[in-house]
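I am attaching a structure below and will ask some questions about it afterwards.
By written order: A, B, C, D and E. Residues from 1 in each chain.
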Amino acid sequence: MGKTRFGFVALLIVMVALFMVPIGAQAKTLYVGGTQSLTGAFAEDSAAVLAGIQDYVRYVNETKMMAPWRKEKFPADITLEVLWRDDELKPAKALSIYEELKAKGMLVARISGSPIALALKDRLWEDQMGATSMASGSYLMTPPQSIFTYYPIYTDSCAAIADWFKASWKESRKPRVAYLTADNAMGKSLEIPAMRAYLDKIGYEFVGTQYVPLIATSPPTTQLTWLKQKGVDLALGVMINPGSQPTVKEMVRLGMGPFQPYKMTFGVALPGHAAVFAEAMGKLGDGYVCAGSFRPLDDLATPGIKFCDDLQKKYHPDKRVTHIMYEGGMLEAMVQVEALRLALEKAPYEKLTPKVVLEQGFYRIKNLNTGDISSTPLTYGKGDIEGVDEIRIDQVRNGKSVKVGLAPVHGIY
Amino acid sequence: MTFFIQLVVTGFAQGMVYALIAIGFVIILKCSEVFNIAQGHFVMIGGYLGYTFLVPLGLPVWASLLAAVVVAVFMGLVIERFTLRPLIGQPVLAVIMMTIALATVLSGLATLIWGAEYKAYHGLLPTIILKVGSISIPSESLIGLIVSVICVTLLMLLFRYTKIGLAMRATAEDLQVVQSLGIKATTVYAVSWIIACIVGVIGGILLGGISGANMVLADIGLKAFAVVLLGGVNSIGGAIFAGIILGMLENVAAGYLDPLLPGGGLAQVFPFIVMIIVLIFKPHGLFGLATIERI
Amino acid sequence: MLDVNNIEVAYMKVIQVLRGVSLKVDDGRIVALLGANGGGKTTTLKAISGLLKTEVGEVTNGSIQFNGKQIDRYGPEAIAAMGITQVMEGRRVLEHLSVEENLLVGAYCRKDKTAIKKDLEMVFDYFPYIQRLRRQVSGYLSGGEQQMLVIGRALMARPKLILLDEPSLGLAPLVVKEIYKIIHEINAGVKMAILVVEQNVKAALGIADYGYIMENGRIVLSGPAEILRDNEDIKEFYMGISTVGAKKSYRDVKHYKRKKRWLA
Amino acid sequence: MEKDKNVKLRIENISLSFGGVNALIDVSMEIRDNEILAIIGPNGAGKTALLNCINGFYKPQKGEIYYKGQKITRMRPDKLAKLGIARAFQNIELYAGLTTQDNIMAARHVLMRQNFVAGALYLGWALKEEIAHRQIAEEIIDFLEIAPIRKTHVGVLPYGMQKRVELGRALALEPNLLLLDEPMAGMNLEEKEDIARFILDIYEGQGATYSNTPILRDGIRSIVLVEHDMGVVMDIADRIIVLDFGRKIAEGTPAEIKSNPKVISAYLGEEE
Amino acid sequence: MALYSGTFHENYAQDMAVFPTKLHWGLLIIFLILLFTCPLFFSDRILTILTMIGITIISVHGLNILVGYCGQISMGHAGFMAVGGYTSAILYAKLSFPFWAALPCGALAAGIAGLFFGLPSLKIKGFYLIMATIAAHFIIIWAIIQLYGLTGGADGLSVPRPRIGAIMLGTKTNYFYLVMVLACLATLIAHNIVRTRAGRAFIAIRDNDLAAEVMGISLWSYKLQAFFIGCVFAGVAGALLVHYISFASTDQFPFMDSVWYLGMLIVGGMGSTGGAIFGVVALKLLDELVTVIGPILSAAVAPQAAASVAIMSHGLIIIIFLIFEPRGLYHRWEMIKNYFRLWPFSHQE
């Protein structure tokens, strides 16, 4: 008993001590990063994003350059530091993390998933804190607006797929469209009246909605059979990879797909990641459409991708991050650092506040050249949180993700 | 009609896998009265193991299954020895808490070994479409069905006709009596955890073949709980029956009712609704033994 | 054979139950451990069989030796394997198992299949009542039948020493008589040593060779059964026979407390 | 149905079976005012089952039970407790997590009025009520001589003490009819004498000694005692009913029962 | 419980008092003063954590009444919190009820939901009941998503900052006070309930439901009361949580929270008011600790390892804890207290 009591006291002391540990803050440090969701459904995306942010920040600290293709320099006397915590995709936890990071002097934030976005968006606006976001539902668009995306919102992505599909529609009847989407806030962000209105406007017949678990534990045979029975031509959804892979696999087995006996195209917005999908599924995944996705990591002709590749080679050659959201991390870091740099142009280091960074930083980002990682250069402003103006559409063909089109952003929310 | 039959067939196959996972749960519950929250996590680990043996190591299917079973045996032993054994004689709730902690550790371990990434292995089972008329039967589900039936039969025989089976049933009734007769309760517990791990891991490989290995695979455990309770906690036959019934109901409900509802997702809660209704009328599940209550 | 040396037992390291108990059981003898409730009789048995450890109790002092080997640090399974089987109070049958399965659980640790079969028949010989119920679920047996079943189950383990905890608890006088008769037969037939804990002093001393009286965690009196049977105090306090020799009525019990001589 | 003013509880032809086993077959009996009635019989004769039927814990398939002329056959046990039927159990059924004092207080439940809102705030009359009932509980504790274990959790008490607390808990209900199921099982002579004394005292009432506690002052004039110890039963019971295999085989005064050949062959056995 | 030497009770009121001596009162007052001056010397972050702890304590008190006292194990507590949270949010945000009315209405709604899902408890026990409450959680969350028009479905519902009259409760300090006052009140109420008539009935049902019924306690009424009270506490906590985050979404009430609430109770020690508090504080602090050391671990080991080590350490600490103290922290605390009370005697008879 004596031993256990000693153990308890020791444990308590360690806990208290760790609580008090100050994160060593040197003179003139600015923080980037924010909350991460390293556990939960978005863990794999989040881990890659974190790696991207860390590499980019290291690059800026070492070279004081913003990117190889840019002339602007980051102020030499200021060091950047990545500060992050794992929120486990729990809103309440994200809240206390946000408080902690804010108290540490962080001037930018980040949103790691839809639950976090929903919980923090009002608070961010209240604090006039600008944030980058990995989640991109239409819920971000309704004011207040201080969360900035670097790929189109999901509704715009799906609208782009609808545009693209309609362009190649040959039959005289109206094409039939249905939602086949994840059953969480992200997946359901499609179901807004504006989306339906747009589909009606461009000449679709809307059939209905079917839900697939965020990560499927059984093939969605039922849902797909239903789609088949209703004669659906195009299924739209917001779905992450662990949801879409079994779905497409089951489609093939049921003989559904653009290259199958029953012709149906399945298109999802970005979190379905065409490149990741193609790699995992191979030819089995042929016909899968994904809008808003980034270029594959091996597309070294693109300066931005080359930059990513160089950084990975330089900083962790043996532990290459192969997930495409590494590019997302680069973009998030670029946006955050750019906002800080722009704000520093207008106010001295000591005068920086979240509000200053939001108004003099984020709002002033115009045509930020991302080396073509994002489909267009990023532009933000008051009321414009969607950074890109065009949406890239990829399709899996012969086991490879191929760019099949580019559609304009319609601003559906 | 075709639509309906399709739903029933899919549900049947799906339900069989639920049943398989549920059995692991029943065995532990029977032997040691432990409500094992971590059962779903065994499934998750199984999914990852399947991936490891099939993809990076490139073993054939049978060898992968075998290797996974070996790992499961080891896992069961370790879990019993280091987490459950120290708690013998302690309140049941402490043991339940232990399984919660175990679940946490297993998910952490999985993240550590396999990372956060979603691991797909689609080559495990042939993607053939078996067609009967216009009804298509997923071959994976069929194989799942066969494997489940084999496992379940073996377990039934084990319980009914072997010495260790008798010891397991006796331990389930009264730990002290069994100990006073010289039966090593720890061995019985170890065997039950090993069986639970094996069953979970096999279930995990089957499910992993369908949807890939991922942390969320652990959530299947919840459905298995519903199956167990619907069937009656101490009835293996009940678990099978309930698994199939729930699988079917879930699919039929999703097929017909989901499109009518604004938010969908009925398939996820329907088993629970059915379970509650059944429990109100049959408090010990469909096939559970009523406890002999005396005063 | 069994030698309990001055043991002390505490539960959860706080509540002390036994304060120095010594007793001895010789080969093939029946020894009775008698005394008031809460005196620590059951705890003594559990200390011997090792079941104490499953209830957060432990032997804090003294030693228990069985055939010269110190056993108080072993777990219940190991002690049972050495040949000590406890029949716990309260007729703990395995309710959902059949009578025969219950008995087979008793023989679980034995390897000799033919001998097990023979012993099964032997148990049914001793307890003809339960033979006709062999396929029945034991939870529905009556109290007497259950008591016979648990004794039979202990026999199936072929122990060298059986610890019997209150076999007469809550049973009808006829059944008590019957059970004690059988216990005596078993002792004579199989030559098993038996340590029986009892409230029913008359019944227990009727068959025992030696007896111990226990009060408040201590042995207060011991001796050969025939001597104890004639002890004045035992007659008065445990058998309800006053010094005059006549049985007195419960209606005449006085309100004030009497005192036992040995506690003075 | 008022046939006899003297009858407190009348059982008419009840039969009960479960799992194919007949626990009670066509049993009729009555419990009168001013008597200690003993029910004896071999194990499995249906004594406890009979008490369970009176308590409403089992619902007999056939027959009726009347308490003070009111039909109570299919009433819930808690309602019967409110009507004044209390019970001490064979295998101790105390609330192991509560102290002796709280076990007795818990039995005051039916006599208390406050609900959880009042209790939650613990103001004014809730507090007063608690104290008033605590006083009665203390008198019962005093009466049964269990004051030293007042604040001990009953789970750790020795068997004999638990039996006493069980008796105290039944008393705290202030019943009109007290059912005691083997109150002396597993006790030595000395303890049996104590319990026998308590039962007689409870029956007779203590008069002014416990003037604040009606139950102890006036006594309980109907007590049913299920017991195996023939010595006790013969000494303190006014009337005895013998059950065997679910049937009533005899009824009468102790002297009559002692010499009844049916009873001797089924239960008592020959005196040595 | 042993008394300090030299302390005697002379009447029943004294014997029944929660704080029997001046020393106890003194300690209580010092504790309250420290608690309510927290905002003076703690940062926003610590206040946020403390507020969360306060909210969780309220919720776990409810669970303790239901599980620890009445023995009806519930793994659907987060679901009942959701009912309270959403009701309060809808009333406040959409129907412009005043905050002081919305909060109790939320609590009441959760209580009614508890009554409804408590109904099966009349027939089923043990594991079956655990499962029924798990089902309750998922059914509630599903129902919330179905009621799109009212609750905003999966998109959630934005809730303005609460105010009572002219007092804005949105600031961290004000909200901290609100939560702490309610947490103290909840503690007091929980403690009082369990030591009076209803509480004894709950424990009677927990320890021996068959006997309890024979002794005149209506199982029907008291099981439902326990569900009602437990869920009212959950409702208050849920409403406080939603108003604090100023947003209601189903993601705030994940199933694992229900499991962890039960975990807090087990770690703290079931069936004691102190245990509930101990458990919440211990696990919440552990949770925060894990979050803080995550990045440090990540830098030290590998980026991937951070999350896993964080989760694992959570589980491992609980495993180690259970092996050494399976009866809960509060039990250990009582043992230590007793040790000093009885000192220098080491045994209690």
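Following the convention adopted for this analysis, contacts are C-beta pairs under 8 Å (C-beta built on N, C-alpha and C of every residue); 3 or more make two chains touch, one makes a residue touch a chain.
Keep in mind it's a predicted model, so treat the numbers as computed, not measured.
Peer 1: Check every other chain and keep only those touching both chain A and chain B; list them.
Peer 2: E
Peer 1: If you tally the C-beta contacts, which comes out ahead, B-E or A-E?
Peer 2: Between A-E and B-E, contacts are more numerous in B-E.
Peer 1: Quick one: chain A and chain C, Cα centre-to-centre, how many Å?
Peer 2: Averaging C-alpha atoms per chain gives centres 73 Å apart.
Peer 1: Just give me the whole-number Å value for how far the CA centre of chain A lies from that of chain E.
Peer 2: Spacing between the chain centres: roughly 36 Å.
Peer 1: So what's the Cα centroid distance for chain C and chain D, whole Å?
Peer 2: 30
Peer 1: Provide the C-alpha centroid distance between chain B and chain C, rounded to the nearest whole angstrom.
Peer 2: Once rounded, the distance between the two centres reads 44 Å.
Peer 1: Two or more other chains touching the same residue: where does that happen in chain C?
Peer 2: As it turns out, chain C has residues touching two or more other chains at 15, 140.
Peer 1: Among the residues of chain E, which ones contact at least 2 other chains?
Peer 2: 153-154, 210-211, 214, 304, 307, 310-311
Peer 1: If you look at chain A, which of its residues touch at least two other chains?
Peer 2: 1, 38-39, 43, 47, 183, 188
Peer 1: Can you tell me which positions in chain B touch chain E when the two form their complex?
Peer 2: 29, 35, 37, 83, 86-87, 90-91, 93-94, 96-98, 100-112, 115-116, 222, 225-226, 228-229, 233, 261-263, 265-266, 268-269, 272-273, 275-276, 279-280, 283-285, 293, 295
Peer 1: Taking the touch rule as given, give the residues of chain B at its contact with chain C in the complex, in rising order.
Peer 2: Interface residues on the chain B side: 88-89, 163, 166-167, 169-170, 173-186, 289, 292.
Peer 1: Would you mind writing out the residues of chain E in touch with chain D in their complex?
Peer 2: That would be residues 1, 12-13, 16, 189, 192-193, 196-201, 203-204, 206-208, 210-220, 225, 229, 271 of chain E.
Peer 1: Taking the touch rule as given, give the residues of chain E at its contact with chain A in the complex, in rising order.
Peer 2: The contact residues of chain E facing chain A are 43-45, 47-49, 52, 153-156, 158, 241, 244-247, 249, 251-252, 254, 285-289, 291-295, 302-304, 306-307, 310-311, 317, 324-325, 332, 335-336.
Peer 1: Can you name the residues of chain E that touch chain B in the complex?
Peer 2: 73, 119-120, 123-125, 127-128, 130-132, 134-136, 138-139, 142, 145-146, 148, 153-154, 210-211, 214, 255, 259-260, 262-263, 266-267, 270, 304-305, 307-316, 318-319, 322-323, 326-327
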